[in-house]
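What follows is a pair of complexes built around chain A, which joins chain B in one and chain C in the other.
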Partner chain A sequence: MSDAVHSDVQRFLDRLSERSNARGAEPTWIAARRQAGAARFEALGFPHRRIEAWKYTDVRAIARGDFHLATDADFSPATAASLTLPLEAHRLTFVDGIFAPALSRLDELPNGVQLLPLSRALVENHEALVENHEAVGGPLGRLTGVEFSAFAALNTAFMEEGAVLRLASGTIVEKPIILQFLSRAGEAPVMSHPRILLEAGSRSQATVIEHHVGEEGAANFTNLVEEVILERGAILTHYKLQEAPLADLHVASIHVEQARDSRYTSFNLNLGGGLVRNDLVAELDGQGAEANFNGLFYGQGRQHVDNHTLVNHNAPRTFSNENYKGILDDRAHGVFNGKVVVKRDSQQIEGYQSNANLLLSDRAEIDTKPELEIYADDVKCSHGSTTGQLDEEAVFALRCRGIDEQTARGLLTLAFAGEVLEQVDLDVIAERVERAVAGKLPERFNLTGLVEAATALNEE
Partner chain B sequence: MLEVKDLHVTVEGSEILKGLSLTINAGEVHAIMGPNGAGKSTLSAVIAGKDGYQVTQGSITFEGQDVLEMEIEERARAGLLLGFQYPVEIPGVKNIYLLKAALNAQREAQGLGEIPAPAFMKLIKEKVASMKMDTSFLQRAVNEGFSGGEKKRNEILQMLVLQPKLAMLDEIDSGLDIDAMKVVADGVNSLRAEDRAILLVTHYQRLLDYIVPDRVHVLVDGRIVKSGDAELARELESRGYDWVQEETAA
Partner chain C sequence: MASQEMEQLVRRDYKEGFVTDIESDTVPPGLDESTIAFISNKKGEPAWMLEWRLKAYHQWLKMTPPSWAHLDYPSIDYQAISYYSAPKRDEDKPQSLDEVDPKLLETYEKLGIPLHERAALAGVAVDAVFDSVSVTTTFKEKLYEAGVIFCSISEAIRDYPELIKKYLGSVVPQGDNYFAALNSAVFTDGSFVFVPEGVTCPMELSTYFRINAENTGQFERTLIICEDRAQVSYLEGCTAPQRDENQLHAAVVELVALEDAYIKYSTVQNWYPGDEDGKGGIYNFVTKRGDCRGDRSRISWTQVETGSAITWKYPSCVLRGKHSIGEFYSVAVTNGRQQADTGTKMIHIGEGTRSSIISKGISAGRSNQSYRGLVKVGPRAKGARNFTQCDSLLIGDTCGAHTFPYQEIGNSTATVEHEATTSKIGEDQLFYCQSRGISEEDAVSMIVNGFCKDVFQELPMEFAVEAEALLNVTLEGAVG
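What follows is the complex of A and B.
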């Protein structure tokens, strides 16, 4: 390790010891994991581009950064209100990683739903069962271990806040659950290492919206680890709406474990962030388990968005369906690496994967790599990737009907994203994405009115 | 209404139109005929503003405005609409979106507000019915998976909704069976009005049995070599284009 690289790693470790000193004593099992995380991070160092999984993503902007840890969750209520999704929802809010009770809504939680900040879950866990940390400590880190990546190790070393959601068997949550992460524009950049644990009991059902957003000008680093456990027959829809400010740095490692007949549907909608890396892994462990990965990434300016996905078909008759769409403008850089692995004896599985990209500028770049590894013989699998530009003939055809060029391009861009957006059930989210991708289009077109008009015609 | 004067157009360095002049007045239906490669499609493409055509000489004015100075969408909003020979498929954009967006763009240019939803629906239903199309077409992506005939009907439907001042129809009859052609011709005939003009570009006289033009022009090698009334089209049908070329050469 060179001196410069070593000092990058050391800077993060120094922050860690500062924090540990300030925090004081903690339960030994937490301290032990922290230590293991730090040791692993120190051994690995930040990933460099000679590592295959990081070939196209340069994390030096993170490694060389000098990030402090936030100490309060102060946030202007008016600004928060303008950033919060206008949805009737249960909500946990974090400001630069710190839990913000004033911006959260935890009243009216239905029976069978436990939703609380990790810090509280750890305390309750500790107080209730001093010698037994199984309740939270057991699942925490089981799916995303420190060996997964340097970032997962770093998260484990710093882990102290995040969200814990547990759904008892058979619980159906009507309102969506929002996990909101606000990023502040401060004098010095900060980092946070949120930890999310979602445990959906058998036959439970919920929609979780993870929303990353912040003040313009913020340049913070978020390093998220998320573990999702779906028991038999559980159904979880998981939105990850990334609208962080354009100088924010964001790394997320998401692991999903699925038991028999469970269904996990992911919407990875990435609009914001200067440097974004998502790792999304699903383990299909029981027959009938189904994972749907819907992704849309839109990059402009010099945004860099890297999505790595992996589906492991570990059991027969499991299903995965992945559809990622990338739209890149200006000098934005996108990376898609999707892998589907069918384990030996995982017969009669279906795994479909598709990645299509639209380049709106000559200087935009996409690196895409769909991968399929099959060790069973009775399977239905497909994968494919396409990259193209807007059809200039179509732009001309629309302009020939009086539609101005910007609107025509916006409309065609939206049409490209349509396949993914049509799956989005929450209008609030679909509209935000449409507006980001197509600029002025929604106002000009009054899409809602059109849809109504079209529906009415059909009904007659 | 439309005045084309001494128009010279080159495409990739070769001259396609070599001094074409044409005047179309309100209320008239003109047909431009000619052999393949004469430049028929070039004329309407240049008027609509398609890329790749360089006007080296001459002028096009529409209601006193210099068309060549106008953006593509401005031309359309001013009432100059081109019906395509090969309508492009636009996946993901529903027909109804296109129609409403186009109509509202036109209304905005005229200083009118957006059309209210009920009025829009009424208009669309009426026009769809007159083109003998099913309303399910409106929910389908523009031209995607449409047959040749459906695409052409769709072009006329757009004309009926947008009510252009000058409708230019490029080979609107190509690929149509006789029944589809009658529907298309009925649609075009319903556009005929005192304040509107229609320019048909066609290779075959057949269409002109259903849409009877006031003026017929023969375009050969980038110039209009002969003009006449509907009778000229019938003469071309029976004698072909060669005699015109010979007559001109002589």
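What follows is the complex of A and C.
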């Protein structure tokens, strides 16, 4: 390890020991994991581009950063209100990783739903939550071990806050559950290492919206680890709406474990962040399990958006379907790496994967790698990947009908994104993304106006 | 079909397995500077060539073998390999076929390639590489009239040093990768083709490579140069006798196409794949690269890979010239415990460059096969176009098929498409054939041949027949 790299790692470890000293004693099982995480992180160091999984993503912006840890969750209620999704929902809000009770809504939780910040779940001997220690300590880190990546190890070393959601068998949650992460524009950049644990009991159903957003000008580092466990027949729809400020650095590792007949649907919508890396892994462990990955990434300026997905078909008769769309403008750099693995004896699998990319600028770049690794013969697997520009004939067709060029291009771009967005059941989210994409397009006013007009028409 | 029957059919013997007993002039195993000096001296090479080799050797010493491929094999002891082996009587090389060692001719007979007849009937010039020294070159004069130079690389180093100095290593530099560096240091023979400006080579050029002596690696070096508006079609075919020791093969092929030139390079590879437990078999680590240097030049790779225990091979095109074209057509068949990691690289640099990739993989038995490809579009490659299709067919539930396509696109005017499918032979297709009185075996063979048709039709006639036969033999009985 070179000196510079070593000092980068050391800086994060120093922060960790400062934090540990300030925190004081904690239960041994947490301390032990923290230690394991720190040791692993120290051994691995930050990933570099000679590692295959990081070939196209340079994380030096994170490694060289000097991030502090936030100490409070103060946030202007007015700003928060403007950033919050206008949805009737149960909500947990975190400001720079710190739980903000004032901005959360935990009343009216239906029976069978347990939703609480991780800090409370980790506290030992807390009345009524005594069982949480074992219940949380058990699954925590089972899917995303410290071995997964240096960032997962770093998260384990720092983990303090996050969300725990548990659904009892047969619980159907009507209202969506929002996990909101706000990023503040402060004097010095901060880092947060949120840890999310979602456990859906058998035949339970819920919609979880993870929303990353913040004040303009913020430049913080978020390192998220998320473990999702779906028991038999559970149905979970998971939105990850990432609208972080453009200077934010965002790394997320999401692991999903699915038992028999469960269904997991992911919407990975990336609009913000300067450097974004998502790892989404699904383990289809029981027959009839189904995973649907929908993704959309929009990059502009010098944004770098990297999506890595992996589906492991560990059991026969499992199904996966993946559709990722990328739109890249200016000097944005997009990366897509999707992998489908069919294990030996996992017969009668269906696995589909599609990645289409639209380059709007000559200086934008996309690196894509759809992979298949198949060890069984009775399978139907396919993947497709395309990269291109807008169809000039389609642009011409629109212009013939009196639509100016910029608007025509904008409309076609929206239509390109539409294939993923029309799968989105929550109009609030679909419209928000549409507006963001339209608004970010060259002729913003025309298009935003168009979208608004269309929305208004729908409402009438 | 009963599984027992199937197994019997899968356990076919390697039909090309035999050893010709010719005394070899072999250096003791091991590699150091003196081995390289020995090879260079044996070949009567000038001093600059030895220097070139030593430079490669020193680079090789600093490199580590690549480990990224989806292959599993014990590490190779490079000191246990003998780096030079030539038929004993290399001092008085045969001047015509009559003078050729009858045993060698017998070898060709066994392979079903009666050299003189085949050469005459098919109008093919054969530069037969038997182990490392090229034994005979036919039709040299006819080619000479047309202005085409077709000879062994050793002769070329002696007779055309200027061309060698200019082009050798210009596509695959000495330090390109581990195996290319090794090849650059110790290559013993191979072919050299030079087609001058405006000439269309009057016949298809062909070389039959064979690996013969035990424990010797085969390190060929092939260099093909087409000047402006020149055209050539080159055929490479390989078989090897049955052996228990793993034999290492690390060839380098360099193609250079100048303005409006067209090079077509076809390979049928049927080296010994090892027995059903994976014992023996050839390790095939090949670096093949074509450079479309001139505008509107075109390079086309076609390969049918049915042999070798390990295949590590990525024929590539560097599309430098404006509107140049790169093509890659591949059929790879693995059975038994064979492993193949193969594919292509298309590097789009020039404006309006086009490439197409068609790859068909068939895995059976306990074999594993990967397609690994890269399509890279540089910022200056305006309007670049690529189409990639890779399909895999799995026969049996113990094999594996994998796809790792990389796409790096840095230009908004580029259009890049990739599609891949993996499936087994459809029950309904089999049923359809069988209900019309076609046996299961024949039905599978028909379906597989149909699956590979896109590639076979790119092969020259002589090879297409051979390829279909090879495919049928390799897959005999492997019905899923």
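Things to note:
In the analysis below, the second predicted complex is superposed on the first by the 429 of 460 C-alpha atoms of A that agree within 3 Å, B and C clash if a C-alpha of one lies under 4 Å from a C-alpha of the other, contacts with A are read in each partner's own complex, and residues count from 1 in each chain.
In the analysis below, a contact is a pair of C-beta atoms (placed from the backbone, for glycine too) under 8 Å apart; a residue touches a chain by one contact, two chains touch by 3 or more.
Predicted model only: the values in this text are computed from it and were never measured.
Of the two partner chains placed by superposition, A:Lys175 touches none, neither chain B nor chain C. Within the superposed three-chain model, A:Ala415 lies in touch with chain B and out of touch with chain C [touch as defined at top]. Once the two complexes are overlaid on the shared chain, A:Lys369 sits against chain C while remaining clear of chain B.
By the touch criterion defined above, A:Asp391 lies against chain B but remains apart from chain C after alignment on the C-alpha atoms of chain A. When the two structures are aligned on the shared chain, A:Arg105 is found in touch with neither chain B nor chain C.
Once the two complexes are overlaid on the shared chain, A:Ser382 sits against chain C while remaining clear of chain B. When the two structures are aligned on the shared chain, A:Arg435 is found in touch with neither chain B nor chain C. Once the two complexes are laid over each other on the shared chain, residue contacts for A:Arg232 go to neither chain B nor chain C. Shared contact residues of chain A, touching chain B in one structure and chain C in the other, are absent. Residues 391-394, 396-405, 407, 411-412, 414-416, 418-419, 445-447, 449-450, 452-454, 456-458, 460 of chain A touch chain B in their complex.
The part of chain B that touches chain A in the complex is made up of residues 48-51, 71-73, 76-77, 81-82, 84, 87-94, 96-98, 100-102, 104-106, 109, 114, 117, 120-121, 124-125, 135-136, 138-139, 141-142, 158, 162. Partner chain C is touched in their complex by these residues of chain A: 52, 56, 344-345, 347, 357, 359-389. Looking at the complex, you find that chain C touches chain A at residues 68, 379, 392, 394-424, 480.
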